[in-house]
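So that you can tell them apart, the chains are marked A, B, C and D in the order they are listed, and the count of residues begins at 1 in each.
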Amino acid sequence: MAKVKSLEDLKKLKTQLENNLNLREKSDNPDGYVQVKVAMATCGIAAGARDVMNRFIEKANEEKVDLIVTQTGCMGYCYAEPTAEVKLPGKDPIVFGYLNPQKVDEIIDKYIKNGELIEGIIPVNYQTIDKDNI
Amino acid sequence: MCALKEALSPVNIKTIKDICQSYNNNAGNLINILHRVQEEFGYLPIEVQEAVARELSISVAKIYGVVSFYTFFTMKPKGKYPISVCLGTACYVRGSEPILEELKKTLAINVGETTPDGFFSLDSLRCVGACGLAPVVIVGEKVYGRVEVHDIGKILSEYK
Amino acid sequence: MEKIKLTIDKRTVEVEKGTTVYQAAKQIGVNIPVLCYMNLGHLGIENRPGGCRVCVVEVEGRKNLAPSCSTLCTEGMVVKTNSPRVLNARKTVLELILSDHPKDCLVCAKSGNCELQELAIKLGIREIPGEKYSEMSTYRPDTSPSIIRDLDKCVMCRRCETMCNKVQTVGALNAINRGFMAVVAPAFERNLENSPCTFCGQCVAVCPTGALTEVNHTNQLIRALADPTKTVVVQTAPAVRAALGEEFGMEPGTLVTGKMAAALRTLGFDYVFDTDFAADLTIMEEGTELLNRIGKFLEGDKDVKLPILTSCCPAWVNFFECNYPDMLDVPSTARSPQQMFGSVAKAYLADKLGVKREDMVVVSIMPCLAKKYECQRDEFKIDGNPDVDFSISTRELAALIKGANISFTSLPDEDFDNPLGESTGAAVIFGATGGVIEAAVRTAYEVFTKKKLDRVDFTELRGLEGIRSASIDFNGTTINIGIAHGLGNARKLLDGIRAGMYNFHAIEIMACPGGCIGGGGQPYHHGNSEIIKARHQAIYREDAEKPIRKSHENPYIVKLYEEFLGSPMSEKAHHLLHTHYFDKSKQKQD
Amino acid sequence: MAQYKMHLLVCGGTGCRASESTKLVENLQTVLRTNGLDNEVQVVTTGCFGFCEKGPIVKVMPDNTFYVEVKPKDAEEIINEHAIKGRKVSRLLYVDPKKEEAVSDSKHMGFYQKQIRIALRNCGFINPENIDEYIARDGYAALGKALTEYSPEQTIDVIKKSGLRGRGGAGFPTGLKWEFASKYKDNEKYVVCNADEGDPGAFMDRSILEGDPHSILEAMIICGYCIGARNGLIYIRAEYPLAIQRLKIAINQAREYGLLGENILGSSLSFDIEIRYGAGAFVCGEETALIHSMEGERGEPTVKPPFPAEAGYLGKPTNVNNVETYASVPVIILKGADWFSSIGTEKSKGTKVFALAGKINNVGLIEVPMGTTLREVIFEIGGGIKNGKAFKAVQTGGPSGGCLTEKHLDIPIDFENLVASGSMMGSGGMIVMDEDDCMVSVAKFYLEFTVEESCGKCAPCRVGNKRMQEILDQLTKGNGTSEMIDQLYNLGSVIKDTALCGLGQTSPNPVLSTLQNFHNEYVAHVEGRCPAGQCRAFIQFLIIAKKCTGCTACTRVCPTGAITGERKQPHTIDQLACIKCGVCQRKCKFNAIEVM
């Protein structure tokens, strides 16, 4: 292990290490971040939800976008799997369907970064996802 | 843990010497030294205290003064399975006292003693921090939580 | 020195910075009671654990009461030593201490001399609340050849612990256990006899209660005096005459040599002799040994052991036997005056008087408790019969005199008997630190230089400082002398010698602070070091008044050598007046 | 490097480890490996979450799911359901006892809602055995800030302005303490951390050391910088093996990074820390006793002054603070004095950690702003009294504190208010008692503790507490007299007034406060009654024949065979043989055994 020889060293080290803890830091204060919930029930997984979730995380890192990516159970839109709910801070959540890695890139580039609405939104009478899954 | 015979063997004396030397034979480190020695021998019999006194060039009366002050140090060998009952407040209000009484009765020994067969020794201690599990009994390394008086027999039978 | 003004019991006091409230109150005549606190200023000994809480006072602005013994005065401080709050607290605390103390005062060795008893009287304690259901802390009693421990009476003042460790560095006693069962005892609660105890008795000298007392030999003495078949011979040590008067209300420092001789005769001793005679004899032997060693050293003998250490003090002998087994050949082999007296009495005197050895009882009056142990050592017995049968302390003698209805203060002065009663000023100063070596110098100088001394007062060797040194010019040869009193100081000096720090030719060591005048068998000083100072001065006064002040000029000593011993260090002298030492570092076990 | 998308935080505190959390971690890792998920899901052993009542705890990040009472065998289900399928394992969720519904997000738990975590900020969040996680959370940044931006005097000023007071007992202002130690000139000085947490029922220091050891090291280095010391000593109870182990790891890591040693962060500051063990003596929590213990002596206190700031360890200027106090220091430096002093009451700033225990639903460790009321702590955070019993008293401050009652519930908790109510902050133990607890017995319990732990140096504590304990013993045995109550008052006030050390002076508090708040209960004992029905001398166990079904459950547990009766017939208790242990009553399913 290298010695931390100055405050600069310490700051650099912190920046490197921060990433590992980001996930915990963000979820400790989720309302300030973009939250993505990927439906990962059997149907979702069968339809490729795992790739979708991994792409969300990869792309977010590439683009330096702060996301909280969580997985959730079946949202009930089995026809549209893989699905994911995206909630921008202070806005109502939106559910996107028929996802694939390319679509994920688009969501991040357009909706998350610029707030542009894109195709594939599933209209919902939205209450809360969590409650259904308890 | 070395088995301790009546008098100290040269090996035992070497062990004590080494421990004292690792603290530069500095009597200021007496408590840490006694911890290490007790770890090694299981307890602090007279011969061991005398050996430590010689190494540190302090009076054995002083060492005994320290050993008899701190409850962590013991001059009696512990049982094969040392039993500790937590008498911290949290455990007390959740009924640890009757448990200790029951153990005393069942084992027919008092706190600080060891059963004649050397199997169990009984001690009380203050708060291991498992207050959520109160009352707590510890046998060896194992922690038993939410113990009731009638559980004692069952717990002891695990070790017989 | 910076001055501070404060108010105590509505009176303004000005004191030096660093003064405690207790001392400040004393300045205006307010004697705050204390129990654990002890300050022997002249000897630099202090015990101030702040544990008994008897001396508490109220200090304005402070939320709880303050221990006056260890609270320093501050500017503008307002102190009350006798408010109802203080009085109630003090009384309650004393009741608590008494609630864990036996109430057998009537038969306690310390009765009438007990600081706890005095406090109970002063504070008017009449009952102990809750006595019926109060548990007492009890311990196994212990009797050794010199000291009795009855720890049920211990109040944890820690004075003995301070003496045994800080002052004497003996390390026999330490506080053990904790809480209600805390007490001061040897390791593993062993008996003193199985500890490194030297029986110096300094613990007994400072104990405020009856927890530590001497083994009492007065009953044995009375039986011997009552036995018509026995010839009872008594010897009295030099320091006794400078302190015995205190027991009869006389000023500390009053010399009572003549009254003491009279009292002893009244008590029924057949012969009243003086240990001082044997002290002169010691100088002859020890001085010769010193000169022999120095002579060899000056001739270039590399094997000669220098410095020579004095060996009159039995506690000191115990100390080096236990702690310095590698140096057993360093001290002089001369026996102590008590033992020299015993062997001369039972060999020379008994023969002269036509008394069989076993029909002679030799009793010593000593300021010392270690002497009780010394006279029981096997090497000082012949066929089980000891040279000195038993030793009683100054305090025990006082009790005997009182018990025999003797009005001590109005006794006429009497002389000692001869031949073992004559002594010189050199012998008298054995009682104070530095005295033995000064006496030795007086004789050695004249023997070595073959010249007469112009002045016999070597003031450079006197004083109460713990470690002293001086160089004496022996007509061109410089003799370096070291002096230590108190075993802690002795240890420092010895460690220095081991480390090669000093080049002394001779060293005097006394176990007790101040020398024998501060011995463990002397009247209790109750923490007042002025008393020790007064005894110290008395010793040198007696020396100055003596017509002969050099041991080798004592005519009875000269006669003893002519008639019996031959010369100093002769074979007979060697047999009767010298001894050898044992390694006791390993035999202290149960 | 693995890119984890889920973190499973598993409590590795002493309490949860006692319930096999170590095995749980192993199982989780095994299942993850079997499913090839070990690069996606990270299992992190953290310090204490505080919610010890329901341990072991597993917290799933990022969705903040809080699983309670998780057993090693639950590992499979958590991974298969939650980690793979995103479905929460509902049977492991915490159920709110009042609303009777499961709470999945820990943010919505009553236990956490009122808490502000400063001293515990990293406990249950980071892996205490990994310095990188501490650094990632701004660890050692406060040290860097102090070294580069502030002089030692300025740093002390920040602490002074923050209003931080010692969390171990009487609440002495920390900044002032540091200032004193800094003013005594000596080239050898010491920074001491008092981790000899001895209050029975208080375990915040242990939790901090187990959960966030680096914060203590950092604060001690900062203190060393402020007072001009090169050496730090941590005096820790030998009964805390896990905390010791984690401290050792932390010290080694800090040394490897050069954060302990010569020229820290390139500055002229050099500082190192060593560990000294306690050996089971409560009195060593007192700073002079602690110092003597570190010097290899009996842990007996000495008269102050001189204070350790002037003459402490080896006679050198020494600063002693406890763990929780140090834990607050780095945050104060980073976030500023104003931020800290905006929390709390006028004279007591910041937060305080309390260990909730006793007859309360949520036993655990909590941190709340000073000024929170006892009611909020006990009923909102603590979830109220167990088994629907009535609240009777809460004991704060351990053996030095007192018992507070219903009427104190709405007092904002701070140093002054607790003292004014006859108790004290102490280290922050809070033991809740219900209607079944006899206050005379509670006072006796504390006195027994004090008697056992008294060092024996001063007479009032050595003998006085013993005498008080004997009186209480007489009272609980039915031998009480009214004079005894007067004696308790007198002894209590005199011991308070005359004992040598802080612990002795506060030792009568449990008696004095119960005498004040539950005087009637003392009188009742003199009259031959124990209102709580706890003192065996006054009670009888009787079987209500009508309710007894003759199930024989009680006969089987009775240790003396005092209960007899035919099967399916009402049983009876032989009062002469009965030792009043009460086992039968606890065992009876039909409430047929009553205390008279």
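Convention: a contact is a pair of C-beta atoms (placed from the backbone, for glycine too) under 8 Å apart; a residue touches a chain by one contact, two chains touch by 3 or more.
Bear in mind that the values here come from a model prediction, so they are computed numbers and not experimental data.
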(message) If you average the CA coordinates per chain, which chain's centre is most distant from that of subunit B?
(response) A
(request) Using mean C-alpha positions as chain centres, tell me how far subunit A is from subunit D in Å, no decimals. (result) 39
(message) Report the inter-centroid distance (CA atoms only) between subunit A and subunit B in whole Å.
(response) 54
(request) Starting from the mean Cα coordinates of subunit C and subunit D, work out the distance between those two points in Å. (result) 54
(request) Go ahead and note the Å separation of the Cα centroids belonging to subunit A and subunit C. (result) 89
(request) Could you check subunit B for residues that touch two or more other chains and list them? (result) 65, 69
(message) Where in subunit D do residues touch two or more of the other chains?
(response) 281, 298, 455
(message) For subunit A, give me the residues that contact two or more of the other chains.
(response) none
(message) How do the chains pair up in terms of touching? List each pair.
(response) A-D, B-C, B-D, C-D
(request) Mind listing the subunit C positions that touch subunit D in their complex? (result) 48-54, 56, 64-65, 67, 70-72, 85, 88-89, 92-93, 96-97, 99-100, 129-130, 133-135, 155-156, 175, 177-182
(request) Write out the stretch or stretches of subunit D touching subunit C in their complex. (result) 281, 298, 300, 302-303, 305, 451-460, 462-464, 466-467, 470-471, 473-474, 479, 483-484, 487, 490-491, 494, 496-500, 505
(message) Under the stated contact criterion, what part of subunit D meets subunit B in this complex?
(response) 13-15, 18-19, 52-55, 198-203, 206-207, 238-240, 276-282, 293-299, 314, 355, 357-359, 363-364, 395, 398, 429, 431, 433, 437, 442, 445, 449, 455, 557, 559, 581-583, 586-587
(request) Can you check the complex and tell me which residues of subunit C touch subunit B? (result) 165, 170-178, 185-188, 195-196
(request) Would you pull the subunit B residues touching subunit C in the complex into a rising list? (result) 46, 49, 58-65, 68-69
